[in-house]
Amino acid sequence: MNQRVRKLLSMDTLRKIIPLAGLIIVILVFSFTTNGLFLRWNNIQSLIMQAAITLVAATGTVFVMAHNNLDFSLGGACALSAVLSYLVTGGELIPFFIMCIVFGVMCGLISAFIHIGGRVPAFMAGLCIMFAGRGLAQTVSASKTMLMVGAAQFNQLWFFLVVLIVVFGACYFLFNYTKVGKYQKLIGTNPMATQLSGINVNKYKTLAFVICGVTLGIAACLTIVRSAAVNGNTGLNLETDVLLALSLGGISMQGGSATRIRSAIIGVMFYFILDNGLLLWGLDADYVDIVKAIFFLLTVTISIDRSQYSVIA
Amino acid sequence: SGGGDTQTTGEKKKIGMIWYGNTDAMGGTFYAWANHAAEVLNVELVWSLGALDTATELTDCENLINAGCDGIYFIPMDTAANLQLGNACQQAGVYWATSNRDIIDDEVLAAVEANPYFVTRVYDNSYDVCKNMVAELAEQGITKVCMISGDPTDAMMVDRNNGFIDGCAENNIEILGTFQNPSSGDATTVVDGVNNFMTLYPEMEAILAVSGTNGVGEAIMSALNGSGKEPGSIKVAAFDTFDGNQEAFDQGWLSVSCGGYTTECLISFLALVNRVQGNVIQDGVFEMTLSPLLITSSEEMQIFSQYVDNPDVQLYSDELIQSLVGPDVTVEDYQAVLDDWSIDFVKEAVGLT
Amino acid sequence: MEEIVLKAEHMFKEFGATKAVTDVTLQVRAGTVLGLVGENGSGKSTISSMIAGVYPPTKGTMTYLGKEYHPKSVLDARKAGIQYLTQEQGTIDGMTVAENVFLGEEDQFSKVGNVSMRKLNQVARKILDENGLSYVDPKKPIETYSFEDRKMIETARSLSQQPRILIIDETTTALSQKGRDRIYEIIDEQKAKGTAIIIISHDLDEVQRLCDQVLIMRGGVYIDTLSGEDINPNTMRQKMIGRELGGTYYRADTTCSYQDEVVLSVQDLTVDGIFYQMNFDLHKGEILGIGGLSECGMHELLKTVFGAIKPTSGSVTLTEGLKGETQLKNTAVSVRNKVAYIPKDRDKESLFQATSIKENIVASCLDKLKKGIFISPRSEKKTAQKEADRMEVKMQNVEQMVRDLSGGNKQKVVIAKWLANDSRVFIMDCPTRGIDVGVKAKIYKLMNDLKQQGIGILMVSEEMMELIGMADRIITMKDGRQNQVFTRSAQLSEADIIAAII
Amino acid sequence: MKNILNFVKSYSIAVAVPVLLILVLLLVSPETRSWGAVASLLQQSFAPAILGWGVLLSMKVGNWDFSIGARYVLAAILAGNLAMQYSLGLIGFIVLAMAISIALGFIVGYTYRLLRIPTLIASIGLMLIFESFTRIIYDGGGLHLTAEYMVLGTFPWNLIMFVLCFAFAYWLYYKRRLGYNVRAVGSNATVAQTNGINAEKTKAMALIVSGVFAGLYAILSLSTSGVISAVSGTMGSASTVFDAMMCVLIGMAIAGKGSVIFGVYVGAIITQILKMGMMAIGVPTTFNKVIIGIVVVLFMVASSRSDLIVKLKAKLFKKKAAA
């Protein structure tokens, strides 16, 4: 019986389409069970705007995951970039956005430096940055209220759509059609062979962190657009949201050539649609997480490519 | 749990409730009160729990609006939440109301007051209450304290922090050391913090705690009881009801306490329901305040600990709740309920007098 | 005749569409050595793996010590007395030698589940001593020992289990002469003890020397079993390839021939503790061989020349780089300047296993394919297909995963990668390691073609015949120092070179 | 004699660092110049170290375990409330806490084994479920223990419990087969697997056994604080895991040749010293995270780049020699 279950679960075709199929099924289910609420334009509009922050951050994170690292700094780095950017620019909008991205890249570079220069696993470096970044953001922001009322004017669909299309488009291109993306996948498969194929592994790993930093900075900007204030809680749980969403999207946990950037879009949409749809159902708030978790476990169970692992990680 | 009946009649209005959680005293109590009131008033509630930052609150708000809610009630996690959620509600033509947090920015305040869908906000003056608590301690001759402060990114906590700090300055009390109340995680952190106070500052006479809920009050008492010190040799001034506060008071550890904010949530919520049902109270904006209870005697403490912020106790009768929703309700009716908030009121409500 | 320990009858193994083993029957007898010989991908590893419990056969029955035998796992087979030595690393870093020796067997030393460290170290000491490893300290972390020592420790571990059958799959190719000799001794000892031994090797002389019987496979199919006089390289070679192969497959000419122009110049190259003061020039159209014992520093020398190891002092200069004279400071500079490096450890250092053949081949030449920063998938596929066809890689298509190829075809993919980059200088470390004679011939022909095109080849080999057969000049190394230079001639013999390196 | 010398050598860093930090603390803050302060620090570190050992097990075997925080909260709330409801007494509470905690560990381990999904996924999924349960049971009321259940938090008892836990962890890690397998699977799961260690079973066992430590942590921490709240908000329990990870990371970096079990305790002491030190010099609490984050990075870099330190030393000595 166990073996038969496994056989069924390891069906290759099923596996590959499940994240997308799951997404479509969830969309269909919610479309028919919410009295049309789910498909209303307003709801779709909100969904896009809600998902944007996580989606932007997740898209850049794919580069880091492709070379087999987890970036756990996202939440803290997001708060840190926003707070520092505010302090530097005094909250003037355009400079703020630019500096946010600059500080995002700086956080990425710090991760890369600790990981590569200090030979510390990137996940642990990220964990420390998440910690220290959030702490610093809270300490610095404690002394004053950092409202950014002006940012609220961008809390509109067109702005989010433009950002999303540009970021995802650029990342999609970089990941699939340029050296930056291709090398990440090679590094993820075999770093030593990559180095001996004449590829500067450290440089390309660093580039991945830089790309991740750029998207993180943009995600921080979007967060501020949505919350109109900068504080120590900016970007709370971003790192776990991204990780959860990417897993839902069927990303390979070990990086390498099985990594697909579409995992970001499928996973993040899946994640936010679940939230949205369950609320439209009026499911009791205490049970939302349980249902979400069950969906999460089931989708991954069916979609994961076990042949990637000699031992399931 | 949840919003009562699932079958929706055309009449039944839906209110979206954005709420940080129902695991602490106030959170749990309001969760119970609001559900009860909703049943009495025949409205449906949709809860979205767990948001701790504005971006998440906004997401919840949008989802609730899309779920067809006619009104949104929330505690703004920071001042900007008023602006952002307010805008979302305005765009969707949905009424909204808040409680517990003052708006600390003039621009935001102006925007909120100009928002046609803003119903009301009810807030308390935590700052003054904190000062009063410190004054209470000063009267008992305290001169050296340590402080468990609140999250400095939270407007209400900033009020409380400042109240304590200014109160100490006015009463010539020295604050020896401070540590921040962990917003999440373990109560052991609090125990460690209090132990550190005692080792670092043996001369400490009292502890000011910005919040006693979510296990903090219990943890402070555990630390003090475990210290081997004479009960009462260190005084505690703590916000909020917590388990065992009566005992702590009688032992002499706890010497002043304050709390009872759930009423302001309820009134704000009722005002929102009233507006959603089509009753306009007055032309302009109306905003209300509540004075929390200050507890200084054992008798007060007993009532406070037993009946205030207890999910199993409904302090407001069904009749009263019904009387606060209708075409003839005025701002004064609401303010009267808020003004009535006192230990005596509680006694009466639970039939002790 | 000795007792039959194991009989595997009508064995089949299919991996999807690949028929790796088709209706093969084999038997091993106590106290004898059975050799498995065949081209790359002929199914030798596959059938041994089935015996060792790595995976179950698609069809077929095995009888072991008179009973039906269905190992469910390697552990199962091991418990039954069948030990499998592969060429992969089988020890675990971060644990001591003793712990590695008893990996998965700690129960022997436990009382009510408590493992006695003292006893474990004691017994490990004894096992190491018995296997000529008295210089190894069982309490030290395993990573303090060299690859070769670790392989020997692993072997000692297998032997300590008193196996009835010992399978050695191409283990010797990873070892130096010293290590090989040690393995030969072990085989003799085990033989005397009555252990049945299966050995897989592409070194036909080795097979001739060790085996009592040789079973030949081709394309997963049983061809023949040889014994006695029939076990000689020529017969084996002919049977495994299925046609006569010319007596020599090395270069036909016996004169040293290269152009005057220097392509690569190595000056005073030193890596402290490994090799010192290496000086030589590689010319256009030259095959420059480097010979020595495995631990003489020659492998590291090649890595250093390629830029993968930072030298303590000295320089490596490419005369005609993209911008004229270029120092090869790192691998990126080398590859950009069309220098290729084929490492000895294929699986670890040159292959992307869970990746397509296409991506492996184009890995180093993306700069050539890109327009602006854009790399078109079509050009990738075209290039990969062209080079794979040129190397005659046995594959379904270029999208196939490299990990599913047999050893020899993997090596072809590695070479294809460097051909795709139009490499002007080749640095080859044991290019025919683990390669069957057919493919070997192909690689030698390719080297010769490259030479004719004026490409310089720097080659390290542990096979003296290969050096003598292919190189224009041979530099020998001993204890990290340049020793002697031999020039190509008909008179040059293995003995000459061996005398220089020992 | 040689053994003793070796022993001293292998533990020198692990002991030296906290001693040094305590000295610094004594220097900056005259208030702490008492044995009481040191004793208090050592005791504060008991509970975090115990949870740390559980996290260590998972980290060493290569598991991602986000669920341990939620598991301990759920076990504590269930066990405490049941024990008080049925007046089971201290022993009853202990037995229940351990049983529930191990059962929850079993659920995570078994989910991993049965569904064959990465531990990261299994543990995050189950963490969400367990967190929700803490809010659903007892209507989110959490747990407040009465004094009779808190005996273990007071002085000789907490020390006794800690010593027992230490011995247990040490025994498990260095004497039991599981400990060997955990280390083997952690450094190379594939090789371990082919050598007859069932890697997936070992990983699942590590999750189950981490339940033992989660249970012990629940008992000891509740015995000091007496109170635990339901997890508020999604991932609210993750911070407990991260705090423990910080101790473990310091512990692994500092352990060197000595025992990592002791290292984790030292890691816990160091984080507590930092917290107390921050308070002593009046730095805001939010800054703790910054300092701890930086300190952990420094320790990790120092342990993985010992070559840099050697170089630095060489440079310094050269300069001295030249001067």
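A, B, C and D are the chain letters, set down in written order, and residue numbers restart from 1 in every chain.
In the analysis below, contacts are C-beta pairs under 8 Å (C-beta built on N, C-alpha and C of every residue); 3 or more make two chains touch, one makes a residue touch a chain.
Only a predicted model underlies this, so the values are computations on that prediction, with no experimental measurement involved.
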Pick out whichever of the two, A-B or C-D, is joined by more C-beta pairs in contact.
-> A-B
Distance between the centres, which are taken as Cα means, of chain C and chain A, whole angstrom | 42
State, to the nearest whole Å, the distance from the C-alpha centre of chain B to the C-alpha centre of chain D.
-> 35
Residues of chain D that touch at least two other chains are 135, 140, 234, 284, 286
Residues of chain B that touch two or more other chains sit at 22, 49-50, 52, 152
Out of chain A, which residues touch more than one other chain, so two or more?
-> 138, 142, 232, 286
Can you name every pair of chains that touch?
-> A-B, A-C, A-D, B-D, C-D
Complex contacts: residues of chain A adjacent to chain D | 6, 9, 114, 117-120, 124-125, 127-136, 138-139, 142, 232, 237, 240, 243-244, 247, 253, 286-287, 289-290, 292-294, 296-297, 300-301, 304, 306, 309-313
Chain A touches which residues of chain C in the complex?
-> 306, 308, 330-332, 334-336, 341, 343, 348-356, 359, 363-364, 366-367, 370, 373-377, 417
For chain D, which residues count as touching chain C in their complex?
-> 171, 174-177, 179-181, 183-184, 186-188, 191-192, 194-197
Going by the contact rule at the top, pick out the chain D residues touching chain B in the complex.
-> 29, 31-32, 34, 36-37, 40, 44, 47, 134-135, 139-142, 144, 147, 150, 153-154, 221, 224-234, 236, 239-240, 243, 272, 275-276, 279-280, 282, 284-286
Please give the residue numbers of chain C that touch chain D in the complex, ascending.
-> 54, 73-75, 78-79, 89-95, 99, 103-107, 110, 113-115, 117
